[in-house]
Structure formats: structure tokens, C-alpha cells
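Here the chain labels run A, B, C, D and E in written order, and each chain numbers its own residues starting at 1.
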């Protein structure tokens, strides 16, 4: 019976993988929106480990944290997308590599 | 190993004391809403004045409120916020910064044709977040507050959004900011995993007892990345110049002081309360890097805002030196530094924003040629701020650097100190360049010099007064900082490891 | 049994994440992200966090991602072109990311203990959560209102047409 | 107890004169200036005489007079204190007396000079310093006078500063003297280090010091002192400044560069005789230098055509005699010659001045001749002086020179080599002096009026007037007095009176009659020889420059290169220029300034600055402006941080 | 004694009177004449006040006098601790003496921005006095840095062609030099818990400072570097010529007259006072540098075509004497060093004024532009000669006393030092007299020079005091030495104390 339980570390590995994917996405994707999405991916990864730890510690506060993360994610989404729109208005592009007026 | 809250449902409601302990935040948000609501009802001109006035009143009221808050030290809202000298200090600082920024924005609003309502509201709300950061001891709250301050800064950075540069800076700030936030968050998660709690005090207590799990180390690392980004510490500083260059000048003044102060407050709590002293080396290196990169980067800049951005990186480096020092000294030194830095940097940016004129046309060094002749008073003021940034006696910057360095030396960080003093020597050069431009060159280009409006004058006067006061009578402020720092780190975790660690290398050889 | 479920959901997550990286078109990226979220909801269920799972589906996958898709449509973002603006990203970033994640993974395996998590070990009853949310975490909860307020305001300020602003001052 | 002589007044009086003339002279009339100058220098002379009068009444000698503290540093102290004994008395009289006479002479000589007052102010200033030197109670005070006379001579040589040669000559004199002073200073440092004091009382400790096995140190001190003396008294190798110094007005040459200042070296050496006597090696050095200088300078004197240059070299040569004397321990003889030399050489210069004055500023003897009819008085006095210096008995020069030669031969430190050279020098001396005499006063006048006008232009003290003419009374009177002194001045040496007078200073045993007896005949023969040398010189000069005036040219051609060398003073100046001056200037300019300062140090500094900017440029390029690269930095940085922390954490447990 | 009533306040008064004046000046209307007069009055007043110090100074007493010690900042424990001994006493007076002359010399030469000029000058004076009077290391550093800005601005705003370069160079050189001192000071504070010079010195002497032996050498170097740059010692001297050539006359006067002394004063007070043992150990190479400075400076000065550059390099040479004297650790050497400081302040200050006067008339410092000036401007030439001779070190003028004492001190320490140093007297004669000849003697080469006007009233009033003081100092050095000697003796005792330990084997 015990054997069939899933070790905590598995969850953590999964969450870590998601987080890493998010980072990778930020690094390799060109489209601003996609980059933003990979940030969301990172947050999801974090959420998973929160929940896993919550279960591990028997501490609900972990789960509560997840809610707040979601709220923040929503807020970020709203503002972020607005910013993206603003940028698109001024630059007519969604490619990060072309958003580099400010440099040096 | 029990969760923060009692499993039994306690039906107690918040006491009035709880509310008093967050009174400034409440007042700020209330005024923020008022501004927001009034904004559509007023036409442009009256809007500019009235809303600004209201916001100013709000900040002043909040400042008053901090006094009440200071009267009621202790925990509030079930260990969410802790009111102590430390948090009061940063409340006052942040709110004062907000007030000054509002004052110095008055003219800017009109010149840059910016919608005042949201602007002031955002500043007020942002102040709420930052103030909370300084008093929160619950990672959840810290996270939320951090986000509030960040998001408001993202938006403020993009306020001149018909300018491509402004939008871009906003985007950069936003994307990288949330990227860093994710790191911070992951750190929090791991910390929660390592200790089973998200309450800083509890974490600290857990970690002091028994061996520290490696997970905690990783967690601290991740949190440091997140916070390091916010305070623009190398190697996470890299966003700063671009964002500062693109963002509206007064906003930069705000961004470079208030959120930084708040982030430093959090960092202080994290580093010194969650005392994983091995972070020491990371901070050591980060400090050295920040100073060096910041100063070197600034040497050849021709855009004043960008130059000051690099200088802010360097100053973050100086500040971090304090973190590498022993808690009590380091904390007080860092607190003093944030205050002094806020005063002088706000002042400098106030001048810059006034001088930049509409569309921020005049922000290159050449534009400052002969300013000493065309408007001596303004030039003299800016000079004093710059001297303070260099760290010349009679100015706050001098004592700030001085305390940080002496804290470092006390902790036997001889080499870090030498790097620091060398940097402050080299750094003098680029501030001097501005002074040289203003006094020793004749203006070649026609730069209109508009007279300084009263609000800006007030702002400048305030900054000037603060800078000089801190430079001549640093005692009171420093005393306060030290007392509160003492409270903060009491019962200070054993300092021996740190000293032992550093004393090994810092033997003069 | 649980292990199998975990692996199943996990496989979906991984697939979705990788797909997000692989896909060139934002829409596909968004869809694969939604898939990831859905699968995560499953994982939450395995961990006994029903309420979280629900919210995950409703708010995250439902609301936020819809917003994304909406914006993608609005700006009718096409397939991203393969510019290479940054060598640094590939020279330092990716290796850094890899080493970092490997290290973290190693730490997780080594030091977080492998004691397994039984199903339903932590019944996340809405009542308990409410108790936490509206009592212990009351302040953060209230503060989020400010956060959202800012978000809305920011969105309005930034997304509103510049002409509007210009016309306003004229 | 001694009566208070108020010696300090003697130097201070001329100083007052100098100050008054210096500040007020410009306004006041020539007569006023004259009055002040003569009054104060005369007062000094009178005072000196008065002191001499009271000298016998002094109970204990030397007489000390403390005036005021000067330097007090730790246990070292040097005060304004004066010191009087027979030696300084002699010097005092010579300086004030000759000085006063020359003041009088100058009134006539400089009357037409536009900056008359400046001249007398300088001249009084010189008197002040010279008297300080003579009366000083310690070496440091002496050093004041020492450098002070250097200053005065600098000012007076460069008196006609619009003339570049004059200015350069002044500078040269000062700097060469400085080189000598350098040695003097080091000697003083040695004294301070080992005796802790510079007062002349240290002499009492010299014997014990030597007994302690420090003869080497004493030798060093003595030689260094000699270096100083060589600078001041124009001895080899530092004599080069004196001939140039003739650029100054002739009275200056007479006073400073013949009678008084240049003899300061002799005085100083005699003053330090205790040290020298205890350092035989040093004595030998002094003797050699003196002898060489005497001979060497004399040879140069042969070929000079400028009347003053001839006298200059003869001065150097005569000073050489004095050092020769000192070198063999016959200090009194040296001082004796110093005194007589002051008389006749002063007279010679004044006479030469009178001649120059007469021919309107001409100094080249080839443009003179036959002047004895024009300026009889000058001729007469000059002749006396010439006889005196040539060493014809019974004139002053004879006694002193003879004394020296005898001492050189007889004294313990002496040797016949010195004597031989001395005699040859005496011959040469008499030869070139009579050469001068004949060229100037005999034959027929070779100068033209046009010349005198021509020379009037280059800033000289000349006034275009017709024909050579006798000088005014005010100039002739000093000539006369000095002439008398040149005759009788030597008589004090008869029967060793002079020696005996100075004996207490030099602590010589009074010359035992026995020694005189034994040496009596020998001394007589030697005297014959030297006098013979003098006559020989006279005859040769007569032969070459009066009887067969074509011969000199032939001989010159015969000698060829050597003659040229002599004419050009053996190219010593050129040598020094090539050896020291040029390398110094070029080296400093090229290597030190251009290379080290600019190309190395300053360049290094600036490069550091530029380097910083270079790095800064690199740093800026981190700021590529590309968001993804920024993210990459963050990711990489965080990776490092995480790795480090994990390492730490693993280490921690 | 009547001084008693004043004594606690006099130093504060003297130090801050100029600053007060400067602040008042800010409120003045821009009427140049009033500003000049006011500045003159203030500086003269300061001078008169400062005379109180030597008048009531208790000679032969070694410890600090007129002390005032109030706590300024409680933590870190910074005190407003001021006091003078025989060493700093005269430097203060030197400062207050030179500043009025600077005002006079700038009377006509400064046209634009007169107000700023005099404000800066007054602030500078306060900072300079403060450096010499403060006994609290922090306070000292405070004033030390404070001198930087006004000087840099004076050079940069009122200077000549390459003023900016010179100003920045000056600033950066000194800044970077002094930060090391800051580090050293901080270390001392960290390990002694005090900034008070006296306290720290006593603690070090009693050997109660933890880790001191290990750090001492570095601390010594930290202080030394800051001072060496200021002096300036040989390899660090290149800022000086530029700064001097570009600076306005008053700037040069104070720079050469006082600022450089800050360096030597620091060496004497702090390096000797706090690190006697290290001073001993490092003396050989320090003295070598000093000797190089003496000879090198002189030789380079000799070939300068620019009068001000020449004087600047001569300062390098003279200050070399000072360092030589200080590190000879002999009574004579230190007395001499102190005396050279004062003498150099007077004579070089005078030289710069004279050069400035010439520049006013001809707007150039090139020596080749002049020649034969003695004819058109005799009084000027005479005054110049006196100052030159003082600087050459002619007995009975101030230069000689100091150099003689220094050299004899150095000689007592090691003969070769004295001998090499003594060559300096030859060099100085060469370059100064040569320059004097080229400028004043010979015929007037440039016709324009014929019409040069001689010294004006103001200029006489500015120059002649220097000449007079030079003479008095030469004739009656006892007046100064009486106060200096005991102080120097006190300063020496620790060094002599360690001497036995160090040079034993």
C-alpha cells in the first residue's frame, strides 16, 4: 500500500521541471506573449510545489498561498497584456529582439 | 512542526490596535481611491492641482498616522505585520518619498501632459505596498505587497506611453520583474517546504534550532535572486539603466528610492532574521560587483538619467556591504544609507525632471553646460546632491558611506571595504563631470531655463534640508536606526560564524 | 495506482510544457499551457487539494488563459520569426538554467526526504480554507483588493488609446 | 672682565647705510647718497680703529660678545655672537680700511652712473656681510656672511644687468660659490654630528677627538672646508667664476674680487687651523691646491690682453700663494700676504679702473700704451703696486711673498717642490705684471677716440670725451694712500712682528731664535733667488714688450697650439660646459621632464583613466538592450548563486 | 591670564569665521566692490583672531592647547575635538596670513563671478584651518575632503586654458589617494572604538589594539598614500604642475602655501604619531623618494619654459626637504621640516603672487616672453629678487633656516641623505637665478614689456608682507622654533622609543 504512494520528490521534480521550462521559454522564445506565458508556466510550477509541500507538512497555508499566487498572476496578466498592447501600438511588433531602443 | 494557525477555529475579530498598526496604509489607500474617483469629475487644469494636493494631503496624513502606529508596536492581524522601530522607520521614509515625488511631479504632469489621477493614485497605492513590505513578516503578505509595489512601478514606468522608449522600459521592467518575482516565489515555496511555515519569525526560530536543511539554502538563494533584482544588485542589476532611461524622470526618482528601500527592508529581514549566514559570500560578491559595474558603467554615459541609473547600481552595491556586516551594525548602516540615498537621489532627479522640460528633451550632459551661469541656484542645488552622491563631507551621502564602510570594517571585511573606497573614489569622476559641465563649460546650445515652480521648490528644499541635516547632524537618525536595528535582531542569532568566516580572509596580508 | 495517475498527469504536464517551447505560434502555446494547467489540476486532486484544483481550472485555465488568447487574437500575433537578438541568452542563459535546474533536482532528490505523501492526507475542506483565508490571512486578502485595483487602473491607463489621452489634454 | 666693545655695531652700521640708500636713495640726490654711504662705511672703519685701540686693554682673548639667540633646535644652538682675536682684528682693519678707501674711490668712478644709489647700497651691503663673516662667533654666523658676500658679489657683478654677459657672470659666480658652500655645509653637518656645536670653542675638543681615533673624520671636515674655501677664494677647480666677475664695475673688482671677499677662504681656513693642523692629509691637499692654482693661474695671466683679466688671474695666483702658506701650516704668513695683497692688488685694480676711466672704457691693453704721460699719478701708483706684487724689496709684496716661500721651504709640512713652483710663479708673476705695465704705459697710444665712443654704447661706465685724461682727486687720493700702504705695509713683517702678533691665535711657539739662527743663511739665499726671479721677470717683460715688440707674436706662433690653449684659459670653461652644464640641461629636459614626467608617470596616470573608460565601454555592452539577454544574465547569475548556496548548504551539514 | 576666558572658543572662532563670512556673502548683492571689501575684512579679522593663538600659546608645553572637545555624533563616537600644538599652531597662522593676501591679489584679476570666487575662497580657508586644528580623525578627514571641492572649483571655474583637465586631475588624484586613508581611519575606529587622535595614539602605544601589529603596515600605507599624493611626493606629483599652471593666482598661492602642507602635516602628525614603528621601517624608501623629489623636482624645474610650472616643480623639490626632515627622526630634522613648511608657504606663495601679477599684465607665464623687466619695473624686480633669494635659501632669509636644519638632521640620520639633499641648495640656486636672469636681466626683448607698469598699491600690500615675514623668519627663527621645538620633541619621543627595538640588530 505504502509503495503505491507517490514520493514528495516526484512532485517537486515535476514542479522544478515546469519552472525550468518556463525559464527556458523566456530565454528562447521571441514572441512577447509567449514569453509572458512561460512566466505563467513558472508560476504554475511554483504552485505545484506549494501544494505538495502543503500536503507534506499538513499545512493548509500552502494551499492558501496558491490562491494568492493565482490572484497575482491574474493581476500581472491584466497589466502585462496592457503593456504589451501599448508596446505593440508604438512599435508594431511583438518580437522581443526588436524591442531594444534603450541600450548601452 | 505545526502550521502557523491554530487548527481550532478561533472566531476573534481584528482589534482596533490591529487597524492602528496599519493605519498609514489604510489612509494612503483611502486617499488613493478618492483621487481615483475624483479624477474623471475634474477638468485638466484643476485636476492637476487639486488631485496632486489631495494626494499630498494623503501622504502627510499618512505620515501623521505613522506616529500613532509607532505608539502601538507589536504584531497585528495574527502575525501578518509587525510594527517595530524598523518598520516605522521605513514607513516614514517611504511615505515621505511619496510626498516629495508628488510635489516634484506637479510641474511634470503639466509639461508632459500626463493624466494626473491615475498617476497620483498609483503612487499612493504603490506606497501602500512598499510600506507593507517593510512591516510584513508573513511571506504571503510580503509577496502581495511586493507585487503591489512592482506592478504600480511597471505602470508608472510606462506612463509616457506615447513615447516608444517609455513603453519599452515599462515592458522590460514588467517582463524581467515578473521573471524575478517567479524566482522569489519559488524561493518562498522551497522555504515553506524546508520549514513548513511562511512566517519569517517562525522560519527563523525553526532554522536556529537544529541543522539547516539544504533546501533552505536553495530557498534563500532563490529569494535573494528575486530581491536582488528589485534592489538592482549585480548581476541582477541589468534592467536598471534601460528602465530608468525610459521612465518619466519623477517616476525614476520614485522607483530608485522607495521600492528599493522596501526591498532592502525585506532583504534585511530575510537575511538577518532568517539568518542563513552563508548568504554572506553571495552578498560580498554581489556588493563588489554592483559597485564596480555600476561605477564603470557610469563613467562614459552621456545621458544624465542613465548615468544616475548606473550610479544607483553602484549605491546598491555600497548598501549591500552593510548586509555583509554584522546584523546590528549592518542594519542600522543600511537604514541610514537608504534614507540618505533617498534624499539625495530624489533631489537629483527632481532637478533633472525640471530641467528635462517637455518630452524630456534635455537630458544629455551637453545640455547641462553653463547651467551654473544661467540658473545658479538650481545648479548649486544639484551640485550639493551630486556631492552628496560622491560622498563629500557636510552631506548625507558622506555619513551614509561612512557608516556602511565602518560597519564593514567592524566586521573585518577589509578587502570589501577597500574595493568600496576605491569605487567611491573612481565614482567621483562621473558626478564631477556633471559639475564640470555646469560650472566650467560655457553653454553652446540654447537650453530654455524655466523658473522653478513652488511645489518643486518645496520638494528640492525638503531634499536639500534632509541631505544637509543627515550630513551635519546624523546623530538622531542614526541613533534611531540603531535602536530599531537592535530590536530587530534581538535576540540576535549567534554572530560568531560570520566573524569567524570573514576573519579568515580579511587578515591584512 | 496513485503513482500511475501521477505519472499520467505528469506526462501531460511535461508534454504541454515542452510543446509550449516547441510551438512557433502563440495560440498553440496558449493551448498547450492550458493543457498543462488542467493536468496540474489533476495533480492537485492527487494531493487532496480539491478546492485548489477547482480554482486552478476555473480561474487560471478559464479566466487568465482566455485573456491571453483574447489578446493574441486582438493583436493577431502571427508565427514568431526566428530572429536571434541575443547570443548571451544561448551562451549563458540556457546553460545556467540547465545547471540550476539539475542542481535543484539533485538537492530535491538528496535532501527533501523521500517519504511519500498519502492521498487525502490533507483534506482541503473549503471551511478550513475559508477559516484561513478570511481570518488568519485576512490582511493579505484585503490587500489583494488594492493589488487588483492597481491592475485595473494600470490596464486602463496603458491600454487606452494615446489619442484619448491626447484629446483629453487638448 | 672684558669691556663691552659692541662689536655688533661694526657690521650693522654699513647695513643701515645699505638700507637707507636702498629705500630712499632713489629719491635723494647723489650728494645725499654719497654722504650716507661714506658716513656709514667710514663709521665702521672708525669703530674698527677704536676697537684696535682698545684691543690691548682686553683682558682675556678671544673676546666673545653674545648679541641674541638665533637658532635653537633641541640641544643644538647657533646664536648671533661675535668673536674677536688678533686674526679677526687684522681682517677687520683690512676690510673696513680698504673698503672705506674704495668707497671713496667709487664716488668718483660711479658718479655718472644712472643707478648710483643702488651701487652704494650694494657696496654697503657687502661691507655688512663681509664684516659679519669676519667677526662671526660661530660657523653658522660665518656662513651668513659667507653666503651674503656671495649675494653682494652677485648683485655687483650683475650691476649693469642690461648686459647679458654681466648678468651671466653674476649668476655664474653665485652658483660656483654655491658649489663650494655645499662642501662647507657638509663640513658643518659633520661638525654638528660629532661636536654638537658650531661655536669656535669646539676647537678645544679637536685634539681629544683626534686622540679618539677620528683623524679620518677631521680630514674629511678639513677637506670639505677647503672645498668651501676653494669656491669663495677661486681655487682649482672652482676658480672659473673670478675672471668673469670682472664684468662688474672696477671698484667692485678691487674690493670684492681682490682685496676682501676672495680672501674669505683664506681667513676661514686659518680660522679652522686647529682642524687642519690635526689633519695633515688635508693640509697637504690645501698646499697642493694652492701651489697648483698659483702656478696655473699665473700661466694664464701671461696671455691675457684684457687688463682686468690679467689682474683677475694674478689675484687667483696670489690667493694660491696664501693657500700654499696655509697648506704648510704657516697661517700667519698666509694672513700676512692676504693683508699686503689687499693693499697692492686693490691698488692695482683701482689703478686699472683709473686707466679704463681714462681711455673711456677700453679694457684691451693692445689698445692702450704710452699712457704714462696722460695719467702720471695713476702711472706712479700703478708702478708701485706692480713692483710690490712682483716682489721687489722693500715693498709689501716682497716681505709677505718671501715669508711664504721661506715657510714653504722650511716648515714641517713644506717641501722644496712647493718652493720651486712658488719661485717660478713669482717669476711669471713679475713677468706678466710688467708686461701689463709696459703695454699700458709705455710705447705710444694705440687707442682711438672712436673706440671710446663705440664702447660707450655697451652699457659701460664710459663717457665719450676727447683723449685719455687723469682721474679726479677723489679717485687719486685712495690710490695714493694704497700706494703708501703697498710700500710700508710689509714692514710689519720685519723681525716677525706680524707672526708674533698672530701667534696666540695659531698657538705657534714664538719662533725660537735658534731656528732663526740656523735657518738664517738659508733664508737669505732663498730670498736672493726669489728676488732674482722677480728681476728676471721684469727683464723678460722689458725685452718682449718694450724693446722687441715683434717677438711676442713670433713666440706665440712658435708655441702655436699651446699658446692658443693658454689664451683660451686652457679651455676650462668650455670643458666644464661640455662636462656638466650641457648634459645636465639636456638630460633634465629630455629624460627627466619629457620622458619620465610626461611619457612615464603622467602617461601612466592618464592611461589608467583611459583604461577605466575602455572597461566601462565593455561593461556597457552587457547592456545589449535585448530583454532575453538580460533574462539570461539573471538566469546565469541565479544559477551561480544557487550552486554556491547548495555547496555551502552541503558543506554546512 | 586673560586668554583663559577665550581659550575654549578661539579655535572654533578662527576656524568658522571665514565660513560664516562666506555664508553672509551669499546674501550680498552682486556689487563686486562691496564683496571684495567684505571678503578682505573677514579674512583680516580671521587673521587677527588667529594671532591670539601664538600670543597666548604656552611655549615649552607639549600637549595640545585651546582644546575643545564636545561630542558630535554619539555612535560612531565622533567628537568635535580641536586643539593646536606647536606644530599645527603656525600652520593655522600661515593659512590665515596668506588668505587676506589672496584676496588682495585677486582684487583686480578676478572679474566675472566675483561673488562665487570669494565665497569659495572663504569656504576653502575654513576647511584648511579645520584640517590643522582638528584632533578627531573623523573631523580631520571631514575637513580634508572639504578642502577638495572649493579648490577644484577655484581651478575649474577661474582657471586658464586647460582648467577643466587640471581641476579634474587634481580632484581625482586627491580623492583616490584619500579614500585609502578613510579605510585606515575606519579600521582604527573599528579596533579602538574612538576617532580621537590622542586616545588612539595612547592605545597604540600601550599596545592594547587588537590585530594591530598585523595591520599596522597597511594602515601606515593607507595614511601615507593620501598624504604622499598631497605633498606631493615623487611619483605622485604630476597633478601639481597642471593644477598650478591653470589655477588662478589666489588658488596657486593657497595650493602651494597651505594645501601641500596638509600632506606633510599629516605625515608628521599621523604617520609618525600613530605608527612610529612602521615609520621607522619605511623611512629608508620614503626618504629615498623625498631625495628623488628634491633633485628630480629641481632638475625638471630648471628646464621649464613656463614660470608657474617652474615654481610648481620647485615646490616638489622643497616639499621633498620637508619629508626628508620628517623621516630623519631627528630633532633638527623635524624642526627644519616644520620651518621649511612655513618658509615655503611664505616664499612660494609670494612667488606665485608675483607670477600672477606678471600674468595680469601680459597674460602669459612663458619665460621667453619676458626679459629685461628690471628696467621697466624695478620695484617688482627687487621684490621678486627678495622672494627668490628667500626661496634659494639665503641665510638671514627664511628658506635657509629650515633647509639647514633639515639637512643637518638628515645628515645625522645617515650622511648620504644629508649630502644628496644638500645638493638641493645648488639646484635651487641654479634654476631660480637662471629664471630670474632670463626674466629680468638683459635688454628688454619684447617691446610690449617696455610699457609694463610697476607694482600697484594693492600688489605692494600683498607682496611686501611676504618679503618682510621672510626676513623676520630668517633673522629671528627663534620666535617660531620656541613653540615648535617642544612639540616636535614630543612627536619624536615614540619614534625614538621604538628606535632601539627596530634598529637593534
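Throughout what follows, a residue touches a chain if its C-beta (ideal position, glycine included) is under 8 Å from a C-beta of that chain, and two chains touch if they have at least 3 such contacts.
Small disclaimer: the values here were computed from a predicted structure and weren't measured.
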item: Mutual neighbours - chains that touch chain B and chain E alike; value: D
item: Contact-graph separation of chain C and chain D, given in steps at minimum; value: 1
item: From chain C, the most remote chain by mean C-alpha position; value: D
item: Most central chain, Cα average position; value: E
item: Chain A and chain D: spacing of chain centres that average the CA atoms, whole Å; value: 97
item: Between chain B and chain C, centroid-to-centroid distance (C-alpha), Å; value: 29
item: Centroid spacing, where centroids are CA-atom means, of chain D and chain E in whole angstrom; value: 37
item: Gap in Å, rounded to a whole number, between the CA centres of chain C and chain A; value: 4
item: Junction residues of chain B, two or more chains touched; value: 4-5, 140, 144, 147, 151, 154-155, 158, 161-162, 170-172, 175, 179, 193, 213-214, 218, 241-242, 426
item: Sequence positions of chain E contacting 2 or more other chains; value: 172
item: Junction residues of chain C - those touching two or more other chains; value: 85-86, 89-90, 93-94, 97, 100, 104, 107-108, 112, 132, 136-137, 140, 144, 147, 150-151, 154, 156-158, 162
item: In contact (per the touch rule at the top): chain pairs; value: A-B, A-C, A-D, B-C, B-D, B-E, C-D, D-E
item: Of chain A, residues touching chain D in the complex; value: 23, 26-28, 35, 96-97, 99-104
item: In the complex, chain B residues that touch chain D; value: 171-172, 175-176, 179-180, 183, 211-214, 216-218, 220-222, 224-225, 229, 234-236, 238-239, 241-242, 278-279, 281-282, 293, 296-301, 426
item: Residue ranges of chain B in contact with chain E within the complex; value: 372, 387, 392-394, 398, 402-403, 405-406, 409-410, 412, 414, 417-418, 421-422, 424-426, 428-429, 432-433, 435-436, 439-441, 474-475, 478-479, 482, 507-508
item: Chain A-facing residues of chain B, complex; value: 1, 3-5, 139-140, 143-144, 147, 151, 154-155, 158, 161-165, 167-172, 174-175, 178-179, 181-182, 185-186, 188-190, 192-193, 196-198, 241-243, 245-246
item: Residue numbers on chain C that touch chain D, as the complex places them; value: 85-97, 99-100, 103-104, 106-107
